[in-house]
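The same chain A turns up in both complexes below, where it pairs with chain B and then with chain C.
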Partner chain A sequence: MAVAALERIGRDLRARVRKLFYATGFFLQVLRHTPGVARQPHVSLKGIVLQILFTGYEAFGIVALVSLSIGAIIIIQGIALLPRFGQGELVYSILIIVIVRELGPILTAFIITARSGTAIATELGSMVVSHEVEAYVAVGVNPISYLVVPRFIGVTVSVVVLTIYFSIFGLFGSYLVTQLIEPIPLRDYTQNLLSALQLVDIVSTFFKSIVFGIVISVVATFEGFAVERSSTEIPQRVIRAVSRGFVLCFVANAIITLIYYL
Partner chain B sequence: MSPTLRLDDVSLSRDGTTVLSNASVEFSAASTTFVVGDSGSGKSALLKVAAGLLLPERGSVRVDDTDIYTAAESKRLALRAKIGFLFQDSALWANRNVLDNVGLPLLVHRRDLSAADIADISRSRLARFGLDPLAAARPHELSDGEQKAVALVRALVLDPELVLMDEPLQSVDHRLRSRIEEEIGAMRDRNCTIVAVTHDEDLTAVMAEHLVVMRAGEVLTYGPFDEVKASPDAEVRGILEHVLGEIVSYDTDLLQILSGDGPTGLGSERS
Partner chain C sequence: MKFRIRYADQVVGLFVILAGVGAAAVLVLAGVNQRWFARDYAFVSRFGSANGLSVGMPITLKGFEIGRTSSLSLNADNSVELGFVVFDTFYDKVKPHSVLELASNPLGLGGGLQFHPGRNDLQPVAEGAFIPSLDSAAGRELVVRGAVDRPAQDNQINDILDSVGSLVAGLDAAVKGDPSGPLGRTFVELANVVGEVQVVLTSVDLAVAQIQEVAVNLTAASDNIAATTEELRDPTGLVPRLLDPQGSIATFLDDDNLLFDQVDSALVEVNEIIDQLGEVADFVSDQTPQITGLIEEGRNTLSVGQDVLEGLSNNPLLRGGITREVAQPTTVQGFRDEDF
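For the complex of A and B:
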């Protein structure tokens, strides 16, 4: 009984380690093919631009809405609570920390995972089932360089741009609410924010957004390619793309934040 | 010179089920070989493994002296230009129109051609099947038969020396069938090495020079058509009768009629 249980644990562990190696190999292949993508005659700049359009441009609306509301909530809570403790001037530092450094990158990553991670995993999974991926291999097109790399670049660039956009709109949302509660000139508001903003905040945010973009695109393409034969596998893989994308972004976020405070 | 394709002790399993078991077979240069067997016997898997699309767990696949799975990337790419593969379900790329589907192999392998040249060649190849009016259509706008024909045009656009086809006549109407049969005849005339999986009795009777008989992932036998057809092995005969119907009992005269001016109108002789 105990031996059987141990055997099962051992088998599961071995399978997980094998999958981890496979996923690592997949990621290394993506990195390997990324620099040479411009030399591929069948991979056009247009493909990468289209990916940025789908992932980045089309998400502007929802990112603006989420960031405006988050910015508004933070300033309302800050203005209501901080003066009670005589720390009213900390509101700008809190805005920078919460919106720019923490919530901006992670919420943008969640939005992109939900929108584009699912779309990428579904599209690639469907292509596997209809043998389109095999057809690319048959004519000498490497699926990594043709199908993964443009999505990898497009999603990563989009997450970086949308994170900046999230931060700007979040801070703008705060300003709008400030005008309703405690009007302050835009110039003073901006100066206060800039004096609270440090270079390390920008570096941390930029680094996080790059890491999240890589995580989302690699997980989504990996799960899309993991579909084998049946269309019923596609929703299962899409769910994994979302859940694993979220988990890995959370873990990466925690590690980067930890490094920031070390 | 057309290549020889050789599979040695190829084994493949999926989800614990054996798909191919120690399959060994040689497709000699400039020969036309048909792979037959019951549904689920591993014919399509054999074809994909042979084309370098499905990595076997064991065994090797060689095109002439090159192992298709272990060769250097540049050599594999060069090999791809020599191999045409027709998928059973066509596998056209949904995000490309018909012209671009046919043009992509040229774009990958013929870097000397301009975009206009590629479009011209693709259009002329489509015209041979009467498909040029569909050049701007997306695959989902085509019938299954038209998709099959476009997929064949795509597979042959680089004039490959080795052509692997999975059910080339499935879902096609009489007109496209005749045209595809003519194209297979033309490939034979060009001394291509042809390997086809089919359940089509007439096509097998007229075109096959060699037969590979499969059962449950195993290659039961392979060799010249007449030798395999005359096999004393009850299992082989049973499969041939089941898969090819009355062909095994056709007499020589009828085969000669089919080879000449028979009902399929192929007009080519089976050697």
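For the complex of A and C:
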């Protein structure tokens, strides 16, 4: 009984390690084929543009709305609370930390995972079930360079671009709310924000958004290709793509933040 | 075909370029605001202790931030070496004989790292030069020599002490009788009121003396009337003498008005006395509202004086200020409000 349980645990562990290596190999394959986009732009460029259109441009509205709301909430809470402790100026640092450095990249990643991660996993899973991927292989087209790399680049660029928009809208959304509560000149507000904004914040935000874009696109494409033969596997793989995408984004965020403070 | 699909390249291009422009603008503005592209001149200094010092601390000259501390380390000889930079716009202030001062304040007000430039017209010192601090003998010697443009120290404690000093001086002047201050004016006003009260009291004393004199005369007249009445009541005394042909009545009727003239003159005198008594009574009656008003003003002035003295003893720097007092309006108006 105990031996059987041990065997089962060992088998699961081996399977997980094998999957991890497989996923690592998949990721390395994606990285290996990414520079190839420059050699065949007529093939991949349109796919990248359409991926940015679906992932970035179409998510712009919801990202802007979320960032405006969060900026408004932070400024309302900050103006109500911080002056009681004589730390009213800290509201600008808090805006930069929360919107630019922390919430901007992670919330954008969540939105992209929920919208585009699911779409990519579903699309690739359907292509596997309908043997389209096998057809690509049969005619000598590498599915990674033709299907994965445009999505990988498109999603990563979209996350970076949307994170920039998230930060800009979040900061100026808070300014609009400030005008309703305690009007201050735009020049003073901008100057205080720019004084609180450090280069390391910008670098950290870009780095996070790039990592999150890579995580979302690789996990979504990996789970899409993980569908084997049945269409009922597709929703399971989509759910797994979303949950693993969230978990990996959280872990990556924690690691990058830890590196930031070391 | 949808517009955004048909013009996907343009839409995506605009979408990405706008984000890139926004990020670049923020980077450039932040860089300009935080002087990423400006030249800073580095210098070093030494302090006895790192207490109150920190990396990134602003260095000010007459309230203007001219630089920041960049490094802090402990030397082999246990002195604290401070590296700092001066912004290019203020580099010309770093003249020879300049010093750094870590100004501290026990109340936590003011303070910070202050830069005092040398008092000369020489060229600025070279980058990387040593700028002594006031912790060092060299820095103090420069200050003693007057080689440093170091403004007078005006901190909060000095302000408070100055206030206390001026307060004590004002109190001293008031006690000495100088009427230039508010306390002195209060004392002078109080003295004037007391003088006026003394004048009124003198008038009252005179009036009382006159009343007493009149009262003595009245007492004498009353005694005479009592004696006359007693005589009238005696049937064997006054009446027979009056009815006697040789008595007073016969004499009164047949003495060429001698006795009548005497009685008449006596009655005239009594009438004059009564007139004087009426005048005194009128005078006292006229003076009563003035006396009352003066006494009330005197009381108010004493109350103000008491508040001032209490305010001094409860000075906000020492105690809790002037005790709040519920105003009690008087029912008597001042004599200035009287309709004379």
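Heads up, the rule we're going with is that the second predicted complex is superposed on the first by the 258 of 262 C-alpha atoms of A that agree within 3 Å, B and C clash if a C-alpha of one lies under 4 Å from a C-alpha of the other, contacts with A are read in each partner's own complex, and residues count from 1 in each chain.
Keep this in mind: contacts are C-beta pairs under 8 Å (C-beta built on N, C-alpha and C of every residue); 3 or more make two chains touch, one makes a residue touch a chain.
Owing to the predicted nature of the structure, the values given are computational and were not obtained by experimental measurement.
When both complexes are superposed on chain A, chain B and chain C fit side by side without a clash. Of the two partner chains placed by superposition, A:4 touches none, neither chain B nor chain C. In the overlay built on the shared chain, the residue A:194 is in contact with chain C alone; chain B does not reach it.
Once the two complexes are overlaid on the shared chain, A:165 sits against chain C while remaining clear of chain B.
When both complexes are overlaid on chain A, the residue A:52 reaches chain C alone and has no touch with chain B. Superposing both complexes on chain A places the Cα centres of chain B and chain C at an angle of 170° as seen from the Cα centre of chain A, in steps of 10.
Contacts of A:130 after superposition: chain B is touched, whereas chain C is not reached. Touching more residues of chain A than its counterpart among chain B and chain C is C. In the superposition on chain A, A:60 contacts chain C only, with no contact to chain B. By the touch criterion defined above, A:258 lies against neither chain B nor chain C after alignment on the C-alpha atoms of chain A. In the superposed model, A:138 lies in contact with chain B only, and not with chain C. Distance between chain B and chain C in the overlay is 14 Å (nearest C-alpha pair, rounded to whole angstrom). Residues 14, 48, 51-53, 76-77, 80-81, 83, 85, 87, 89, 91-94, 104-105, 107-109, 111, 154-155 of chain B touch chain A in their complex. The part of chain A that touches chain C in the complex is made up of residues 49-50, 52-53, 56-57, 60, 157, 160-161, 164-165, 167-168, 190-191, 194-195, 197-199, 202.
Partner chain B is touched in their complex by these residues of chain A: 41-42, 127, 130-132, 134-141, 228. Chain contact summary for the complex, chain C toward chain A: residues 4-5, 8-9, 11-12, 15-16, 19-20, 22-23, 26-27, 29-31, 33-34, 36.
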